[in-house]
Structure formats: structure tokens, C-alpha cells
Amino acid sequence: MADTENKAPESGAGIPVSWFPVPEESELPEGLRRLFSKARETVGFVPNVFRAYSFRPERLSTWFSHFKMLHEPTDNLSVAEREMIAVAVSMENGCLYCLVAHGAALREALGDPVLADRITLDYRRAGLDERRCAILDLAVKITNEPIECSPEDIEYLKGHGLTLEEVWDVIEIASMYNFTNRMSLACGKIPNEEYHALAR
Amino acid sequence: MADTENKAPESGAGIPVSWFPVPEESELPEGLRRLFSKARETVGFVPNVFRAYSFRPERLSTWFSHFKMLHEPTDNLSVAEREMIAVAVSMENGCLYCLVAHGAALREALGDPVLADRITLDYRRAGLDERRCAILDLAVKITNEPIECSPEDIEYLKGHGLTLEEVWDVIEIASMYNFTNRMSLACGKIPNEEYHALAR
Amino acid sequence: MADTENKAPESGAGIPVSWFPVPEESELPEGLRRLFSKARETVGFVPNVFRAYSFRPERLSTWFSHFKMLHEPTDNLSVAEREMIAVAVSMENGCLYCLVAHGAALREALGDPVLADRITLDYRRAGLDERRCAILDLAVKITNEPIECSPEDIEYLKGHGLTLEEVWDVIEIASMYNFTNRMSLACGKIPNEEYHALAR
Amino acid sequence: MADTENKAPESGAGIPVSWFPVPEESELPEGLRRLFSKARETVGFVPNVFRAYSFRPERLSTWFSHFKMLHEPTDNLSVAEREMIAVAVSMENGCLYCLVAHGAALREALGDPVLADRITLDYRRAGLDERRCAILDLAVKITNEPIECSPEDIEYLKGHGLTLEEVWDVIEIASMYNFTNRMSLACGKIPNEEYHALAR
Amino acid sequence: MADTENKAPESGAGIPVSWFPVPEESELPEGLRRLFSKARETVGFVPNVFRAYSFRPERLSTWFSHFKMLHEPTDNLSVAEREMIAVAVSMENGCLYCLVAHGAALREALGDPVLADRITLDYRRAGLDERRCAILDLAVKITNEPIECSPEDIEYLKGHGLTLEEVWDVIEIASMYNFTNRMSLACGKIPNEEYHALAR
Amino acid sequence: MADTENKAPESGAGIPVSWFPVPEESELPEGLRRLFSKARETVGFVPNVFRAYSFRPERLSTWFSHFKMLHEPTDNLSVAEREMIAVAVSMENGCLYCLVAHGAALREALGDPVLADRITLDYRRAGLDERRCAILDLAVKITNEPIECSPEDIEYLKGHGLTLEEVWDVIEIASMYNFTNRMSLACGKIPNEEYHALAR
């Protein structure tokens, strides 16, 4: 497969965006080229996770179909709160890519860069209310000791006003970032330089 | 949403298949009803992961589109070897559902129930060759200390005859079971009784 | 010592029963030959732990005298419940030998292979009542963080109807499997193939 | 059973020798009374582990038959080296009883209280030669990550001059202290005051 | 002591700078008032660690005398490299205060906010050369498993061109941040809002 | 620098007092020579931590100025209780130097060698009252999981009669021993032989 011969392009500071080869955008299926164009319009650049994951184009397409569903806001679990779960899990796993990219997304969603950075680095000391702490505590439990999860965890979040579907979302988002963190760490995905200055 | 009122059906021995409600199969979208029918034809029953996950029907559909791609065999990473990664990761996380369901799948794929059980419980002592041990060692590293992954891990598996795409598959399968293990553990998914006697 | 020159016999699938040499049965002291014969009568084969441990015949005899006492049932701690402690501890330590051998013993004791497998792999999700969960929780605490044990743990089990002698038994059985798990893992003891199909 | 009504006697400083009741010596079987007498002759007092364990007299007898075998010296694994394994394992588990009692035994065996204390608290910085470090490293591996043990560990100790029987002894002693540490911690056994001043 | 009645002032976003009371600056000893003034001149504000620590004025003075020595650059251990040790240790401990404050200091010292953020969140994937990785690997080892340190660690850094004094500095800085991280986490010290936008 | 050429002197049993060179006492600044003299008068010898740390004379001076403040007794936190924090933290980190030196200091402060040794090795089983256990539990939490600290920990100790300043002292002493433990472990500091027999 010719495109696997490509070297990964740089992510800035001389570091390639991935330890795996990255195909030319022009060689990608139309759906992905459209995804990349849309990203350029909305965020201003193509996130490196797309470029790195495009080594396996169909995998990227199907994974992203699933992934994006999880960030759709609902009444009691906002866009920002879904990003909070992303960064809380990523901090436990120490995932550079997700901390930088979703740290930026959280700054944007909250419109408060200081609060967003505090949540990213330690949600416990960020002054969050009890409801948000309960959500993030469960995300961390799912990450670090999932075998300890119990029906009581579900009841506890329901008691903080989440619907059953929203409790499920907390679980599915936390589980998803345990997937993406590992993909990013084991594939050596490096976040775009642009993220660092976004929404500051 | 009416179907969330349903109680989860039993998985045998008086335990429900999930801590979340499970909709009636008749209420599910056509695509999922077809998936359930096909499962009845091929394995003889509907895996409880489908029933439990159908609480969120679209999520099930998109996740499964991604998941099934990862079990497609290639020249140097067989159906059985992909199941080995599933069970090695699931043993690290202590995931009842995946150990039972993929333990059965591994017995079937290998046609050797003793070897399959040994790999499921401790691949290190199962008499595997160096290539398979290298694959499973990386799957465990991705599970337990993903931050320690490095380009050398990729080179090491290439040195054992895997293509770059297959090394990526090892990473993506290991990462995926870190997703499914957590979903199963935090949603209380219980494996079908039928799995225990399969392929013995 | 001539018998240390022996190679360990196979446990099936080409794997020797131990990383240490295994003496010929005919060379063993009479007491052990009698033990082996009795095992053939009751379980139908000589458990590999006997063959592997017979590298040090007197050790095997004295250890087994102690070990077998711990599986004698009492009013509130049945044969099955003692095996549950064995598998719960062995799952924490990841001991292939004990998970296979005592998983089989638990299937036999319960007469319910599905329930037995569930307890072996994750007693927390096996639908056990509060009393049995309390027993296994203490066994796991003794295994993973024994320094955290306190007089309250003893009171708690007494509150679930165990006598003081039975609470002691929970502690002694859990401690014993922390011995046998390590012996099996560090000596490379491999369970007999026959166990896998027993009591299914 | 009348003797279970007894309170445990004090171990000094107002702390009982066990969280379980301790029977009167006069009520014990003859074999144990002889064991206690012999201990008074040789060490000058009855070790609290005997008194605490005598809550279950037959257990004490059979366990001790096994335990004492493991401290018999051989050509390349002396009395002192066997005590070193005891304290290295006990330090990993944080076992008060065994650190005090076997710390004293090690002082006696070495005739060098400073070296003995150093080994007890951190054998890595005690100036031991490579052979002894290799023995204690394996004991610690068996304690903390037994699943990582491999045939290479056995070869490594053989390469330092131990016979196969002596390598087995290292494994069996390390495993045994993982039993006794847990028994002592979970039963609340407190070491005799006399140990602290012994062999200084 | 009257000043202990003071409430801690806000650090922004409604969070107090400390879980302990914070005295008025005017009540502090002259030396500290001078330190605060100098901070206003050089960084533009008084770091919250000074305000929080001034609950115990003499402690702050003596600790800071020690602390500031450790950031004096030498030929082979620059200001930036000393800050790298600070953030690498703080990431292991998850210390919000130090990650924010020393993340800013590292951005300033490097004049490269992207590289600085990458090092702060995961130095392993920041494209550092072998010498800097060796320094940070030792800092992490000192943080997570100090008992495993050995004379070889010292030789290894000397082999990368550090003097013995500079190797000592790596150790002393890493140890110091294990002090400051714990002080910040256990006293609830919150970093100034200003740090987040500094040197971007 | 000539004095770095010096070999470290022996600490007894052929082990040098440090993995770093140790300057001649005569070459040290006057302040340190006075400190050494005073130590000879009060404890009878120069603690090896002084000799080892004198490789960096100014560091030793400033660190010790800070360190000694933390051991000044107050109404509700005595000299002995401050030493208890030292040994509880040092046991968690497995620090040979601090366990030996502060174990001796605790024996002296308590005038009860048995109680002091018990606290040093496992304060949980030493028969301490609830107040002292609460203090040491917080010291251990600060050591092992500082991110879990919360304002409730402060309230809890206040509820046991400590002033806010004394709660701060518990935190600062526990944090300080996380510094000194790492310095001692990573620099290979070995305690003086004299400590082992002190105050017995």
C-alpha cells in the first residue's frame, strides 16, 4: 500500500504527528476529505488525530461516527460537561493529545480559560458544584477501578438530576476516552500546535 | 421514552443482563433487529451485550460497526490471535462479560478449549510462542501503562513479522477492549449462560 | 539426588507440569503414593500440584496436611463457600493453576457451572447475597491490602452469622491461597487438562 | 467451646496478643504444651504467634510442622539467609509481627544487629553481595508481582550457586511469609515485647 | 493569633487561595513584605503560594531560602531544565498549583509555549533529547519508586555530561517538588489566574 | 572543587555514608562545623545526614533551618508526635535512613522502646488513641494519595483538638519527610551505626 510509505508530517517543533505513516489527504476517501474540509472551516485546521488515524481510513470513519455522538449535549449534560469528562479521564491516563485538544475544547465550551485549565489539571480543586464532582468522580472510577462500579453509582447520579440516558452517557464517554487515550499514547499522536493558544 | 421503563431481562441465575433497562426487541430499529436475527442464526442466541447496549440503539449500531472491523483476520493476525488480545486485556481489567464471551470465542477459534482457557486466564503460562507473547505483552502494556508505550514497541512487533497495519490493529483492539471492558463493568452487563458451555 | 534429574512430565498441549523436575511416582514415599492413588479414585487423576510439589516430598506431605483442614465444611461456611474464597483470592493474584483447579471444584460443589464460573471471574457481579459478598470482600482485602484489616472486619462477619472460628477460617483460607498462588506462579505449575471439562 | 470465651492476654503496653480469644495454655493438647515449653527453654518465652494461633490448636500444629522445615539450613542457603527472605517479604507487606520477631531472629543469626536491622528495613542498601541481593529480589518479586515470575528467575539463582532445591526453598519461604504476614495482619497478632531487645 | 481569623482571599473564579486563613500583607514581617514587593515587580503579582504559606511567616521565609537555591542555573542544568524537573514531578503527583505556576515558568524560560506545555503534560512525547529524558526519567523514579534508586542512576546522568553537583541538584529538585506538591495539595493552594495567560 | 574528590567515609559494616563524596569536616563553613560540634555534644556523634548533605554545604544549612522548625513542640503536637509523623511517612516510603534515625528519636522521645518500634513499623497496630491515629492517617494520605486531601481532613484534625497551626504542622512535617526520604534514598544515605542501640 503506497500511502503507508509516507512519513508522518510534522506537528510542530520537529515532532511527527504520529509514530505511524500518514497518507496524503488527496489519497483519502471522499468522506474523510469532506471531514477534513469541515474541520478547517470550523476549527481552522485539521486535528492531528484525524491525520494520524487516516492511516486506517475506514477505521477513522466508523470510530468518528461513534465518537461524535457522545458529545451531543442533552438537558443535564452539556457540551462543556462532556468535555469535562474527557479531560478528567485523560488526566488519569496522562494523555498528552487529549489533554491539549480537549483542554482547548473545554476552554471554548466554558468561555473561561482559567476554570477550564483548572478542571483539566485537577477537577477536585476547581470549585465545581457537587453534581459535576459526582459526574467526574464516576468517570475517574470507571477509568481506574471499573470493577468497583455498582448499581449505586447509577442511582447516585440520578439523584443529582441526570436521566438514565445521561448516566449511560457519562459511562460511555469515560469508556471512550479510555479508548482514545490509549490509541493516542500507543500510536504517538501529537496534538496540533494551534490548540495551545485556542480560546485563551 | 417508553422503552426505558422496561426491566432488564434475566441472564440466567436470576441476574438481569444489565443494570440499565433493556427495550423489547420489537421496539428496536430494523438494523438492530436484523443484527439480533443474524446472531441467533450464527451463535444460536442474542449476545447480552447487544441487548444491554440496545438501551441506546444508535450507539449500539455505530459502536458495533467499528468493533466488528477489528476482528477481521489478516495474514499475520488471525481471528484467534485477535481474540487472544481481547481476553488478555479483559483479564487485566477483570471483566466478567468479556472473559466469558471472548473466552468462548477463543475456544471456538482455536478448537482447543484447554489452550484457550489457559490463554484467557494467563497467556504467559500457556506455552505460546515468542511472537504471540510479544503481541499480548504489548496489549497488556497498552492496558496498564499506556504512557510507557514507545516507537520501539512498534518496531518490536514488526520484527516478529507483523505489518504496520497489523501492529496498529494490536493497538486498536487492545484499546477497544479497554472501552468494552469498562462499558460492561460500569453498566453491569452479564454474559449469556450459553457461553459457558460453548466449544468445550 | 537422582530424581531431580527427571524432566517434568507434560500437562497437555506440550507444557510441562512444572518448571522444576518431577520425580517418578514410584520413587515417592509411601504416604504420597497413597495420596496419589486416592486422588485417582476420587477425582480420576493425580492433580498436577501433587506431582509438581513432589519434587520436595516431605514438604508436600506437611503442606497438604494443613491445606486439607481448611476445606472441611462447618455450619456457616460450606465446602462451596471455602472454594469461593479460593477462587476470589486466585483471581486477584491471577493464578492460572488455582483458577482452573478450584474453578472446577467450585462447579462441582455448587452443581451450577454458570454460577461457579461467574464467581470465579468476578464474584461482585455473580448475584451473591450480602453474606457471601462480605466473606469474599474480606478475602480480597486480606489479599490486596492486609495492613488495612481491623477488628471491625471480624465483627462484620460475625454480624453475618459466622462464628469466630469461621471468621478465622476465612482469614486462614485467604492467607493459604496467597501461599499456593505464589507457589504455583513461581514454580510454573500448570493445571491438568482434565479440570477444564469437569462438572460442566 | 469454652476456651473461645477467653480474652486474649496482653502483649505489653496494654495491647492484647490477638484480636481473637486465646485459650489457656493448660487447655491445649499435649503437643502444643510441649512446643510452648521448648520455646521457653530456647528463646525464653512463648512467641505470641503460638499463643494467638492456639485459638485453633490443630491448625497451629500442622502449620508449624510445615513452617519449621523451611528454616532448616542447607549448604548455600543458611539460617540467616532464610531469615533475610522472611524480613524482606514482611517489609513489603508491612507486617509488624514478622518484622519484629524475624528481625530479632536475623540479628541473632547474623550476630550483627546493625546489619540485621539494615536488611530488615531495606536489604537493597544493606551492602549485601550480588548473590544475596538476587535471592531477596526474587522473594520481593514473588510477593509483589508473582505473575511475572519465569523460568529465567530459577536459572538466575542457579547461576549464583544455589541448587534447584534451594531455589525452590527461596520460593517456598517467600510464599510462606505471604501466608504468615496475612495471618498476623488480619488476626491482629502482636509480637512479644521481649523481641525488641533480643540480640542487640 | 488575630491574623488566623482572616479568610483566605480569592484566587479568581470564587475559589480562595488556600484552605487555611491568609494574613493581611501589612501584618507580615518586613522580609516577607519585601519578597511580595519584589514579586510584584518581577512577575507582576504575588504568587498565591506566598500568600497561602504566609499563614506561617517564618516557615515561608526559611523554606523559600532553600527553594530558590535550587533554581539557580549551572553550566549543564539550565533554568529551563530545572523547571522541567518541577513540572515532570508535579504531573506525576497531579499538583494543580505547581503544574500551572511552573508550567508558566517553563513557557517563559523556553520562550516556546507549545514545547513547554508538551513537556508539562508528557515529557516522554515532547521530542526532548536523550540527556533531558534521562534527567526527567530520574526525577520520575525519585517521585514514584525512590527505593529503586541506585548508584547507577548517578553514573548514568554523569555519562550525559552532568557534574556530580548537578546530579545532586536533579535529586534535590525532584525531592523538593515532592514536598511542595504535597503542601499545595493538602493545604488547597490555588494558583493565581494570571499564570494561565503568561508567556503564551 | 577539591573536596568532591573525597570518598565518602564509612557508616559501619563497610558501607559508605553516601553515594556522593563527603568533604572533610575541616573544609566546611564555620556554621556547619558548629552544627557538627553541637551534634557531638547532644547525640554523641554527627548524624550521617549532616555529613552526606555537606557535599552541598549551603543547601544543608538552609534545609536544616527549615527542618528543625518543624520539630518544635506545641501544646497539642508534642516532640514525640512529630517524630511519629516522621516514622509513619518513612515506613510508607521504605526509607532506611529515616526509619533508623527517627525510630531512635521516637524511642527517646517516648521513653518506651517497644511502643516506639511498634509505631515505627505499623502505627495502626500500636494501640494509639484515636487522635494520634487521625494524625498519622492524614500523614499517610498526604504521602500516598495527596490529591485526595480535602478541607474535611483539616476539620477532622481540628475536631481532635489541634489548632489550625498544628494541622498545618502535620501537613508540613509529612511533606518534609517526603522530601528527606527521597533525598536519603536517591543519595544512598546510610544511618549511623550508633542509632540502632540508642534509647533501648
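All chains are identified by letter, namely A, B, C, D, E and F, in their written order; residue positions are counted from 1 within each chain.
The rule is short, and it goes like this: a contact is a pair of C-beta atoms (placed from the backbone, for glycine too) under 8 Å apart; a residue touches a chain by one contact, two chains touch by 3 or more.
Predicted model, so just to flag it, every value in this text is computed and none were measured.
By residue number, the contact pairs of A-E overlap by more than half with those of exactly one pair in E-F, B-C or C-D, and this pair is B-C. Centroid distances from chain A, each centroid being the mean of CA atoms, peak for D. We define each chain's centre as the mean of its Cα atoms; on that basis chain B and chain E are separated by 44 Å.
Remark: chain A and chain B have CA centroids separated by 23 Å (rounded to whole angstrom).
Shown for chain A are the residues that touch two or more other chains, namely 94-95, 122, 147, 150, 188. Of all residues in chain C, only 1, 4, 19-21, 55-56, 58-59, 62-63, 65-66, 69, 93-95, 138, 142-143, 146-147, 149-151, 153-154, 164-165, 168, 171-172, 174-176, 178-183, 185-188 touch chain D in the complex they form. Taken in their complex, chain F has these residues touching chain D: 12-15, 91, 94-96, 99-100, 112-115, 117-118, 121-122, 125-127, 188, 190, 193, 196-197, 200.
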